[in-house]
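In this document, chain identifiers A, B, C, D and E correspond to the written order of the chains, with residue numbering beginning at 1 in each.
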Amino acid sequence: MTATTTPEATFGVLPRADGSARYSHAGYTVTGSVNGPIEAQRREEHAYEAHVDVVVRPAAGHGGTRERHLESVLQSSLAQIILVKSFPRSLIQIVLQVENSPENDYVNTKLVQASLNFGIMPALMQTAVLALLSAGVPMRATATGTAVAIMHQDGAKQTMVDPSPRDIEKARSVHVLAFTSQDELLLAESEGDFTVKEWDLVYETARGICCRSRPQAKEGMAMLLDDESTGGPDMRQFLRSTMESKVAADLHWK
Amino acid sequence: MAGPTISLPAPIFAKISPHPFLVRSLTRSTAADHPPCRANGRATQELRPVRFNATSLSHAHGSALVRLGDTTVLCGVRGELLPVERIPQFRPVDKEELRQQGENNNGNCGDAIGRGELRDYDLLVPNIELATGSAPQFLPGVPPTTLAQTLSTRVYSLLHSTGLVQAGDLKIWYSPKEQRRGEDVEMGGTGDKEDGDEEERPVAYWVLYIDLLFVSFDGNPFDVAWAAVVAALRDTRLPVARWDPDREVVVCSKTERRRLNVRGLPVACSAAVFMEKEQSEAGAGPREGGHWLLLDPDRLEETLCKEVITMVVDCSDDETRIKSLEKQGGTLLGRELIRGYAGIAERRWKEVRTAME
Amino acid sequence: MPRDAEPSLNEKQFVITALQENLRLDGRELDQYRPLELSFGDQYGAADVQLGKTRVLAKATAEVTVPYTDRPLDGIFTIATELSPMASPAFEVHRPTETEVLLSRLLEKTVRRSGALDTESLCLVAGQKCWSVRVDVHVLSHDGNLIDASCLAVVAALRHFRKPDTSMDAGVLSVYTPAEREPVPLSWLHSPFCVTWSFFGEEGEIAVLDATWLEEQVRVGSCTVSLNKHGEICQIAKLGGTPVDAVSLLQCTSVALTKVKEFSGLLDRKLAEDLKRRDKGGFMSELRAENDR
Amino acid sequence: MSNDRPLVLPGETIDLSLIPSHPKNPLRLGPGLRHIPPSDIVPTAAGELITNPVKNSMWVEYNSNRYIPSQNDIILAQILRSTSDFYLCSLAPHTPPATLPHLAFEGATKKTRPVLLPGQLVYARVSLANAHMDPELECVHASTGKADGLGPITGTGCIFDVSLGFARRLLMARPAQDGGLAVLEMLGGEEGGGMAFETAVGRNGRVWVGSASARTVVVVGRALQETDRGRLGVEGQRRLVKKLVREMS
Amino acid sequence: MPLDTSTYNLALLRVDGRRWNELRRVHAQIRTQAAADGSSYLEMGHTKVMCVVTGPSEPGPRRGTGGGGAGGAGAGGAAEVVVSIVIAGFSSVDRKRHGRGDKRTLELQSTVANALAASLHIHLFPHSQVNISLHVLSQDGSLLAALINAAALACVDAGIPMTDYVAACTAGSTSTYAANDEGADPLLDLNHQEEQELPGLTVATLGESDRVVVLVCESRVQVSRLEGMLAVGVDGCKQVREILDRVVREKGRRMVQEGTVEKGIGLNEMDVD
């Protein structure tokens, strides 16, 4: 059921940051701030490129090993799309604060959980990209990501987009994929139990969501947003339309 | 880049300008007879041989020493008893939930619940120690690096997602059928129904502390770490334990030991993408310039590569099952390459299996 | 660590000169708060406070755990305040600054030590099991007066929070998941709020409420008064700074009381509204609504 | 959004029809665009693509908060400290300091050079900016040796931070016409009851407002900030000015 | 608290036999460590504190977790006052470890630092640092007050120009926070037991004025009680100031007699303004 919801984003939620965005989708709400390029600390200063620093903060409890892992995954991916070479010796700091994540009402969750949380990765990635765009940090490309699960409902395989925590618990395998705006596969994380064939299926679905390229993108993408034809939102379209409205607002005086 | 005219001893060349050094050795062949290869003398697709050495520790319940080239990992598994009343959020699996789960994922009934127990009560505790001076960048006595934390997270979640260990093996049951006297024993915590004491109930769990120690580090830590974990778990034998209602303690048998039945044999296989050009000033996409997929990268290579891939496969059954796939840090590995990579992973799996047996 | 940039002389001087004419840069009265917004999340125990450009998010959570050995009959109640670089690049992760220490101490004294939450009610099995209630304070945006905003957020979050229901039968404790039984609110005793005065001028004769970050950088001293609406002082902290006349401090306190009454009125209103919002459609449907977000 | 100023996102391909092709003068790329040899022009920021066939130039118009120094920008800098022969100044929080030579003032010599205290403000031009070095400033035209308006800022007044786009609009030759910014004129004009004030706008998103009366400074400052934040059109600005004047008097 | 108040109501005497407005015995010395720039030892009842001041001197390496820095060190326009407090394990009845990171200690540090910074003329010493290190030997209530007084004395001894003494003491009230009885009397200078059982506050004032430098209240109390307590506290501070002043003059006189300093110098420093 969560798969059918459309993502929402608001910009400039943090007036004092260089760039910020609040993104909510599939029960996750993440606020992201971007500061940079700013002066880098000695220890993390690179002579030829900007250091991209990602901090992920859970809604409750101190960040643990799992957050460190998320950070390193996001860091390596975002460093790919940011033009790090154009700001040597500087720092681009991305802070992602999880505000809300869907709870599984059938278990009493513990505060600290070390196992990976696949569902949240796309939300974090999307928030970071939006915040970077709003900060005007020069980028090679934008990126979109999504989570797909393969369920075994009464014997039949079926893919499910943006699975809820409960779905993930039941799923045979869970996958997170992210694509750049040049349709390159930027990030692929999967776990569970699946075959190459199944992964192909997942790839197709994810690609459908992340890189649905529409030539007539110019007009009214608002309604295109929530078409269920391919089961899931059209992320790239979403990205474009949200940015369009932001830019239009910024340049209202033109 | 050092032209042919200048001749530097290889190690110095590698030190001062590692990237060109690697490019050079990958592009030009040293001798006519064999083709260009990596700085470490391996072909791009060539993996280092892996060697296992089980039960190397006498005190641990299970252990293994794994060597992959110059990366050596020692893994020890130790079980400790955890009585249910010491588990704050303990919650006996109630029947109708079992049934629900059964319907939901037909076949492997109760499996999900088992995983739930493993996770909720933290029955599997992997810990990775890199700061042993195993490599220049890991000096002893420093707080765990990001790498160490990342590795332990990956091992932890793979342990759970693969279901390598089943909760059943770690549960210690008590069935009052033959022991009526246990009934009036106040079991704070075993939150069961009225008829709780009638049916058999879990009284304690084994907690498996899985400690990984990097003896030496020369790249590709995850593959080795994971192999060590699997080997150590296969080697693990826990003493047979039962509940003694008179003394209200769990007693372990001195002699009797039961080995865990480890499910399947998932094997990790990692590679890194090496770009001919470091991302150029213009920031032109990484597409330009050649690139190589370096399997089982060593430390030097890892420092020079951004994009990495790790695939965990299990070919125990006829069909190859992928247990985990992690690809990040670049945009070069597309669908086709990843498809093809499965084949490489299978090859790896076979090698590892033979090495293990 | 990267210090925050000092304001320019020009700004410092102007803030003072303006204040001497009862002027503030944003045109407020000296004892006027910035527009205050309080909203609750979809889940229980999430409160979002916006005070001008300052924004604080508080999230309350609870889990069953083992009580401290020296207090077997009490539950555990912690308030975690870690300032992240999101508030300002000057804050580093795991490097508590003075701001952070003083903030957490103030919240500690105001909310915890004043006994706002009945910790004994969190005990489940004496010496064995108890609830550990934890509030995480996330400062999203820092434009001054973190203390008042954070305190309001914490109190709001805790009053909005529901913890899973439990039952004891035959010495057997069972904790119910939200699906089984609707969670229950905490046993809450009184709602304290912080009101922070900032002082300016040679003699600290100009007193200002709800200072912005710029004003905080220029002020010569501050005094935080914590009260509840019954006129009980829970804590006063004027930690040094330019000396201020005792009488004017007393006046500050009495003004603070009126502000506190406003706060608690606002909170009650918001809580009531939120309750109405949730009630329609009953509990399960409300859960679904939660997931649909 | 009209089609002559299409929205572009980083990495999108710009269809060639949009790229101006001028017979003689070379194509000039402004901010938000980069050229990938041989012939690709790719946006690096999200904004509207603006092209100027006459000047044969194109750039991406977008708004942001983080100032990145570029040559010949006029900026408001804050002195951090003085070294043996130059001042270190900050252009924006948390950025590496810019250097302002002691002699880069009108008629400054070893003997007669202005002494500036930490925290003081200077109105200066960026004389050198590149990614690999800290930026350099000057308060004098290297060629003419005239300050023409640059130099230390004195007198009662205050700094107000605005977005970079807003600062750029204020700096336009005719803000009212090109930038849709009439707020300052109004404040000076009859809406504002002819307030007397002066402003110094820095590209780095800082505006200094000076006036004998603190009240005026506050009004002007608020007017600017609220116009920026509220993204007010000319009408909105007029209403705002009326409101402020009413409030403050 | 029934214990305390009841006995009080009988004879209007407190648990330790004092009247409501009575200070405990305050004993103080200055120049206790010859080596230090300034030093002092102070007892308020059984609360015993010693203090050593070094500086104004070159700033040392910056400590990380806000070691109670105060004063415009950022601009480099004035000296920074850095306070470090060590609470000895044996100082209180139950020996509990106060780690350096302990937030309560950090708070005390920054309070003392900011209190002193208000009276010291640190603007005379740009780009420098005044280090005040305090050791708590024994605790019996009014700790913060004792710390401030000790620090003030040590600073006088160090000859750092200051406006006037910062003198501190505590005040309490016999009424519990719940009961809003008007009959409640204010109390001066609380000991440990009273601090535990009764509402109280710590006040520090500058010299003889009524101007409050520090006001810390950590217990629940009716707002109506505040005025009374504050009045008593401020008055107490004046008494404390007298005592401190006597100590300094006494020491000064003896030093003159002993000829360690020529007449005048030791004392003039205090009224630099």
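Observations
In the analysis below, a residue touches a chain if its C-beta (ideal position, glycine included) is under 8 Å from a C-beta of that chain, and two chains touch if they have at least 3 such contacts.
Computed from a predicted model, the values in this text were never measured in an experiment.
Most remote from chain C, judged by the distance between CA-atom centroids, is B. Interface comparison, C-E versus B-C: the pair with the greater number of contacting C-beta pairs is C-E.
Seen from the C-alpha centroid of chain A, the farthest chain centroid is that of E. Chain centres here are Cα averages; for chain A and chain C they lie 30 Å apart. A separation of 54 Å divides the Cα centre of chain A from that of chain E. Each of the following residues of chain D touches two or more other chains: 34, 93-94, 118-119. Looking at chain B, residues 89, 91, 283, 285 sit in touch with two or more other chains. Counting partner chains per residue, chain A shows two or more touched chains at residues 15, 17, 35, 38-39, 83, 86, 106-108, 110, 140, 180, 182.
The residues of chain A lying in touch with chain D in their complex are 15, 17-19, 35-39, 81, 83, 86-90, 133-142, 180-182, 218, 239-240, 243-244, 246-254.
Chain contact summary for the complex, chain A toward chain C: residues 1-2, 5, 13-17, 24, 27, 29, 31, 33, 35, 38-39, 41, 55, 57, 59-63, 93, 95, 97, 99-100, 102-103, 105-108, 110-111, 164.
Of all residues in chain C, only 63-66, 125, 128-129, 169-175 touch chain B in the complex they form. Partner chain C is touched in their complex by these residues of chain E: 64-66, 68-70, 74-75, 103-104, 106-107, 110-118, 177, 201, 205-206, 209-218, 220-224, 226-227, 230-231, 234. In the complex of the two chains, the chain A residues touching chain B come out as 65-66, 68-69, 71-73, 76-77, 79-80, 83-86, 106-108, 110, 113-116, 140, 152, 154-155, 169-170, 172, 175, 180, 182, 184-196, 199-200, 203.
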